[in-house]
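Pasting a structure here, questions to come.
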Amino acid sequence: MISPADFVQIPLDDWVNSFVRDFLVPNFRPAFRAMQVPITKVLEQIDTFFHWLPMLVFTVGLTLIADRTAGRGVALFSLVALIFIDMIGLWAETMTTLSMILTSVFFCAVIGIPLGIWTARSDRVLLVVRPILDIMQTIPSFVYLVPIVMLFGVGMVPGIIATIIFALPPIIRLTNLGIRNVRGDLIEAAEAFGSTRWQMLWEVQLPLALRTIMAGLNQTLMLALSMVVIAALIGAGGLGLTVYTGLGRLNVGAATTGGIGIVLLAIILDRITQSLGDKKGVQTPSLWQSLRSLFSASKADVGAQSGKPA
Amino acid sequence: MISPADFVQIPLDDWVNSFVRDFLVPNFRPAFRAMQVPITKVLEQIDTFFHWLPMLVFTVGLTLIADRTAGRGVALFSLVALIFIDMIGLWAETMTTLSMILTSVFFCAVIGIPLGIWTARSDRVLLVVRPILDIMQTIPSFVYLVPIVMLFGVGMVPGIIATIIFALPPIIRLTNLGIRNVRGDLIEAAEAFGSTRWQMLWEVQLPLALRTIMAGLNQTLMLALSMVVIAALIGAGGLGLTVYTGLGRLNVGAATTGGIGIVLLAIILDRITQSLGDKKGVQTPSLWQSLRSLFSASKADVGAQSGKPA
Amino acid sequence: AWDTGWFHSEIYKQLFEELGYSIDGPTTLDNPPFYQAVGYGDVDLWVNGWFPIHDTYRPAFEGSAEIIGAVAAGGALQGYLVDKASAEKFNIKSLADFKRDDVKEAFDRDGDGRADLVACPPGWGCEVAIDEHLTKYDLKGDINEIKASYSASMADAVAAYGAGEPILFYTWTPNWTVNELKLGKDVVWIQVPEEATEENAAKGVASCVADPCVMGFAANDIVPVANSKFLKENPAVATLLKTASIPLEDIFAQNSAMNDGADSPEDIKKQASDWIKANREMVDGWLATARGAAQ
Amino acid sequence: MKPKIRVEGVYKIFGEDPQGALDALNAGKSKIEIFEETGQTVGVQDVSFEVGEGEIFVVMGLSGSGKSTLVRTFNGLIPPTSGKILIDDDDVASCSAERLRKIRREKITMVFQHFALFPHKTVAENVAYGLKIKGESAASRRKKALAALEQVGLAAYADSLPGELSGGMQQRVGLARGLATDPQILLMDEPFGALDPLIRREMQDELLHLQKILKKTIIFITHDLNEALLLGDKIAIMKDGRFVQVGTAQEIVDNPADDYVAAFVADIDRGRVFEAGHVVTDPVTVEQNEKGAAEKALQLMEEHNRNALYVLDNKKVAGLVTYQELSVAAREEGRTDLTEVMVTDVPVVDQDTPLNELYGAASAGHPIAVTDKRGRLTGVIEVEAVFSQLSGDASEDETGEEGSTPPAEEKTETAQGGTPR
Amino acid sequence: MKPKIRVEGVYKIFGEDPQGALDALNAGKSKIEIFEETGQTVGVQDVSFEVGEGEIFVVMGLSGSGKSTLVRTFNGLIPPTSGKILIDDDDVASCSAERLRKIRREKITMVFQHFALFPHKTVAENVAYGLKIKGESAASRRKKALAALEQVGLAAYADSLPGELSGGMQQRVGLARGLATDPQILLMDEPFGALDPLIRREMQDELLHLQKILKKTIIFITHDLNEALLLGDKIAIMKDGRFVQVGTAQEIVDNPADDYVAAFVADIDRGRVFEAGHVVTDPVTVEQNEKGAAEKALQLMEEHNRNALYVLDNKKVAGLVTYQELSVAAREEGRTDLTEVMVTDVPVVDQDTPLNELYGAASAGHPIAVTDKRGRLTGVIEVEAVFSQLSGDASEDETGEEGSTPPAEEKTETAQGGTPR
């Protein structure tokens, strides 16, 4: 049986090995490690805050947010789920995971939304970005774990970086989609009044794309959650570590408990962010209002929330 | 700081442990292992076929299929990619992975499409199925690896089972969506002519939902591909194993090579299945034609294809 | 298995084949799934059990599977290593030296004020042992255990070493890590802060900062673990397992060969059959006994 | 004759609590009040009517007035909240699902506004859909489908996909699909709403033409008044789910039941609505060969205050004489032979000619002769009567007696327009 | 006066290879041929025209004929392939982006078919959009927006969201948005297409009313002929991207340039298109106090073949006499005083009265007096002439001379309708 391999063989693995080990790591590791600093900063802030916040305050706050955004049912669910998480003894881990997720999502938004806008405004950029996103989503995250570790080290922040790589595509895609899908006649109307590109963006495109962007944020959040366990492989803590440890000890119970924690967290965050997108798109979705309410939800700024009469 | 955990603690992990180990495994392991039989059968067929097929025949065949469905560009890409895979020495692994993926997707379709139809036809079923799908998608696959091993053992087939669990939701969701989204006036028209529920399904709903169902199949395929490495953790072979082994040996090169193999496979399969959905929806998508062409593509029935004049 | 096990797995495989068995595999499995699987008889045997450190998995297989014979009794070393340059620079002799601030700072890669130690994946036997050490020696505040996938953690250590940073890690031998980072040349064993006694100290470990060397771990047996029912039905295998063993030096040698690139399945096969050829006599003896038991 | 469709007291309430809404309706609340108070939407309220076999019954009204809801109750696509819908003897509102399916398969089909063609089936397959559902064989289906396509002139496109046809052609396919099962009743829900005006006109003519041959019973929804007038044997005007007026085009245009209907018909071209028969008056004639015909004619004209008079030749129209010419000829010049001064090239129409087709004839300024099928004069139309009908003033005094008393009072705004400004 | 908008030889080809399509056009190929051969779509071809300040220029044509494409080139939403579009002195087709933006901000706004209101902004914010873009302060924006809303009667809804308003109200918001920046030119692309007939009529009246006050230059797209006739000072009819005819409503209805236009206007109610001025004839009159007035009147009538004649009192309309009454009175009874037999209650209209408002006056059967602003008789309308114009036969012999030669030949189908069948 003949095949091309009989004639030419490409030692791709060797090439990659020497590229990473002999070139990338020796020369750029310090640079890459320096890039972690902003992530570390944000993570520390969020993490400290959540671990400082008393469990009951957090629970009440999130329940109120859920009630305001996603309705009574979700609020009730959040309440019960959070109490349950506490009772099965995973509160601290949950908070760690939450900080990690929010940090990832924060950076995904900061990177992804402008990039999405850019792709929406230029077909050429889209042409370049799209295959990269495709590959980012199809390449198994295991493949980039080792390079990430080699370049960034192990721990929470490299875990977040892996998560960002994995969770970034949807927010870019949906920002792009949202802006491109803004009704043509509205764009035309804005143009007919002599809007500049920036005015168009701020006055028309972004507000109208907000729902879709929110959907992207929601998907990004979900993908980030799905990386929690894999991030634990490179030293991130939280619920992912609980699962990983449970697996290592053949402790199905612990692994399942950690898994349930992740699922509960996922459901709560999913419903809240989903309803955020839904509602604000229909009602009065001033961009700033929406971003603000997203923020107060994502940072779970409970002090301020619970201060208001419910 | 007070929290509910101070008063009640739920030993959930112990409960799960004893449920799985003392109840599920002793009583149902044989039943679960028996369930593997059909999967094993299908897998063996496909695997034997692909490993028997000469590399060049497969390559030419798939290229022709790509040309007919997704156009010249994709065909060219497939050709180059397959030759590249062969040259980097991953042909056998790629075939193993392909068999595994196709088996998973086959069972996803067999389970998912009827289930999707059912959910589309009954709001009550949807109400039950939806949260289950939500959980299936949010629960980290690591969590169910150990229970799967406990119930099904290790190897290729348990890997496929994990893959099915992970990749099933989109096909159900999109079958449901596709059928529910069939234009109301067409349903009305069919009803106005006195169609029975089955006639409605076969004559109108399924053909019109086909595009969406194909999109679901495409997503299922992609999710299945993303499980390849994780399935290797419980003993499945193929490209996933290459990646996993590479990681274990700190061999970035090998891991990347395996990863590239997966990505190439993913891109080819993605483009072909995507275009399958696209084209057949617009042109003459007799359900049977479409299913047939899907089949000949998914089984890569190259003998038949390459026998025809291109 | 981790990749130190391929070689002797292959030797055993070839031996079984000479006995007339056909073998599937070897299958690659992580510790937890393996112990699970062998307990249920999905896998008949593996030859990569490390005891006593795998004692944590006993509940998973005890009753339906058992340890039988030994691949290499008492020869497997485990312990903590630091890179040679730092060991000399900071004069590090044992874990206790990591209480010193300058050492801590030098070994601190993640900036949390503690020295980073590449430990074991959560759940493995060694993870528990390391944890015990750190508690026992009151080092929790000084040393940060990286509990991640072992290869990931080591990737970090190797990369850090490559970048000239000090590293501290746990490993065992035989293992590819010591080929990557050569014992005595790149890295040296350090001790745990305990007085050397007869039981806990190993003599003649050249690459240790001290001799005798208190490595903190008793030497382990590398043992086959097999499904009991399978053994009962296949007395020849049982006997072979009981009698056979492979010298550690040979395992070391092969491991280093593997790390030099000879790591394809074919290479390993060849290394195994070469070894069998070289030790034909001994092997024949084992086989004869085994065949005898089968009668 | 027994009506083909009989609708009795049909109500349709959308919402969770139809009974509450029904009670509120009975208490005299309006659709909007009910929606605001209970959240229930009144789709149709208290509609009763009958349609005879072979009739075209047009339902019109603004968007949201309940036209679609009403017509969808007829084939059970929407079950009414209460009321009876009798198709022959079956009450569609209460019969079994099996029976309903049978009625749909055999008696009643629907043509949809946006065509609702199955995009995945060819034109012929679309047309054959109803037959396939009934279980006919492929060959017979194909044959009947082609025959139906022939009727709408699209047989050549049998194997195209609907997407390849223009809107007008697609609509004709929809019509063919409705006709293929040879139903007795066609429900047409704004079938021409999406068409260009030219194509639309073509389709209307086509429908009238088909109807002449096939004699189906048709319920036709539109919100275009001209279309309603053109097609409808009877027209119902809906508002808020209720019939505010039912009648012929002329009845509605002449006597709008309320301001809503009046606003609806305000812009109508009355020349299309009314026919010669609406403005005809009894003929005042002389026989050509009668003795003293000339003087008699002059006297008749003076008596009836007319400027011209029809002259008969043995009961058939021979021509007409004008007062002026006749009086000059007879009284001043003494020529009393009618045939000498008679205009023979006279306009002749029949009863059903719409007024707007009389303009040419009327532009001669002479009264127009209306004859029956055998050519006998049954009446004449004075041009003043035409204007009277066109201006809408004739309605008060029934058929236009004659314009003797100038009804200019109502039109004084035109006179005012002439006063100095 | 310099035209406000001057369009010269504008072409727009959609596709990759406009030059190829232009060449093919010059070679005389049709739009369809070009599309089939080259894949290029001809949007607009060779359109030139001018619109004066304060005019309403209506563009009509079937779907796809290029109306939207054309009008979108005026504010640069679509750049033309070739040709000039001069707004005052700026060529929109070739000026800089900056300049174009300035023109859009200051001179020209657009009102869209489907409103195109920003759903996330309140009504007032929508209306103020153009002002915000220009950088006006929030307070001044708000003030002007409220003023514009006041004009369309929606000030009360300033803080609602567009989604909360009905279609008609949304359209008025769109109009207010167009007016808020006080542009000189309004482009309206089928602005009333989506409305119910009743609301549509209201909007048309509103637009006419506003136009009377504001005197904008308006380009108005529609495919409704009645709307075009109602609003347009000038009307252009498009087909396949080309103007097939440009003219006033009357010109187009009377002299359709080809069959396409003819089919387009076939259904029109001519009574709305034409005005009294189109059918007026020179008055033949007698002075009331003239000597021998009665006999002179009779003779004039005989001469001109008329049945009635206007009687003046010092050049003002005093009344009319009919031939019949006058001849009986004067010739037979010897009473020659015109005032005795004169009808004084006569219909009087002015030049601009549309024909369909003459029907009431005409139903008296007497000729109608047309007076100028000072009340002086400038002509009379014979009822026959009205019919002649309505039937469309007047066009050949220019202004309706008189119905003396009955043009019934063309209408023989009505006569045939009366022959035995």
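When the chains are written out, they are named A, B, C, D and E in that same order, and each has its own residue count from 1.
Here, contacts are C-beta pairs under 8 Å (C-beta built on N, C-alpha and C of every residue); 3 or more make two chains touch, one makes a residue touch a chain.
Which chain is which protein? Per UniProt: A, B = Proline/glycine betaine ABC transporter permease; D, E = Quaternary amine transport ATP-binding protein.
Quantities reported herein were computed from a predicted structural model and do not represent experimental measurements.
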Intersection of contact partners for chain A and chain C: B
Neighbouring chains common to chain B and chain E, by label: A, D
Distance-maximising chain from chain D - centres being C-alpha averages: C
Reference chain B; chain at largest CA-centroid distance: E
Inter-centroid spacing, chain B versus chain A (mean Cα positions, whole Å): 25
Interchain centroid distance [CA atoms averaged], chain B/chain D, Å: 60
Length of the line joining the C-alpha centres of chain B and chain C, rounded to whole Å: 38
Sequence positions of chain C contacting 2 or more other chains: 32, 36, 149, 151-152, 155, 158
Contacts with two or more other chains, residues of chain D listed in rising order: none
Junction residues of chain B - those touching two or more other chains: 145-146, 150, 244, 247, 250-251
Those chain pairs that satisfy the touch definition: A-B, A-C, A-E, B-C, B-D, D-E
Touch list for chain D against partner chain B, complex: 72, 75, 77, 100-105, 109-110, 112, 114, 116-120, 122, 129-130, 132-134, 161, 181, 187
Chain A to chain B touching residues, read off their complex: 1-5, 8-18, 20-21, 54-56, 83-84, 86-89, 91, 134-135, 137-140, 142-147, 150, 222, 225-226, 228-230, 240, 243-244, 246-247, 250-260, 262-263, 266-267, 270
Chain D contact footprint on chain E (complex, rising order): 62-63, 196-198, 201, 223-226, 263-264, 266-267, 269, 271, 301-302, 305, 307, 322-324, 327-328, 331-332, 345, 347-350, 353, 356-366, 369-371, 373-375, 382-388, 390-393, 403, 406-408, 410-411, 413-415, 417-421
In the complex with chain C, residue positions of chain A that touch it: 21, 25-26, 29-30, 40, 145-146, 149-151, 153-155, 157, 232-235, 241, 244-251
Partner chain D, residues of chain B touching it in the complex: 183, 185-186, 188-196, 199, 203-204, 207-208, 284-286
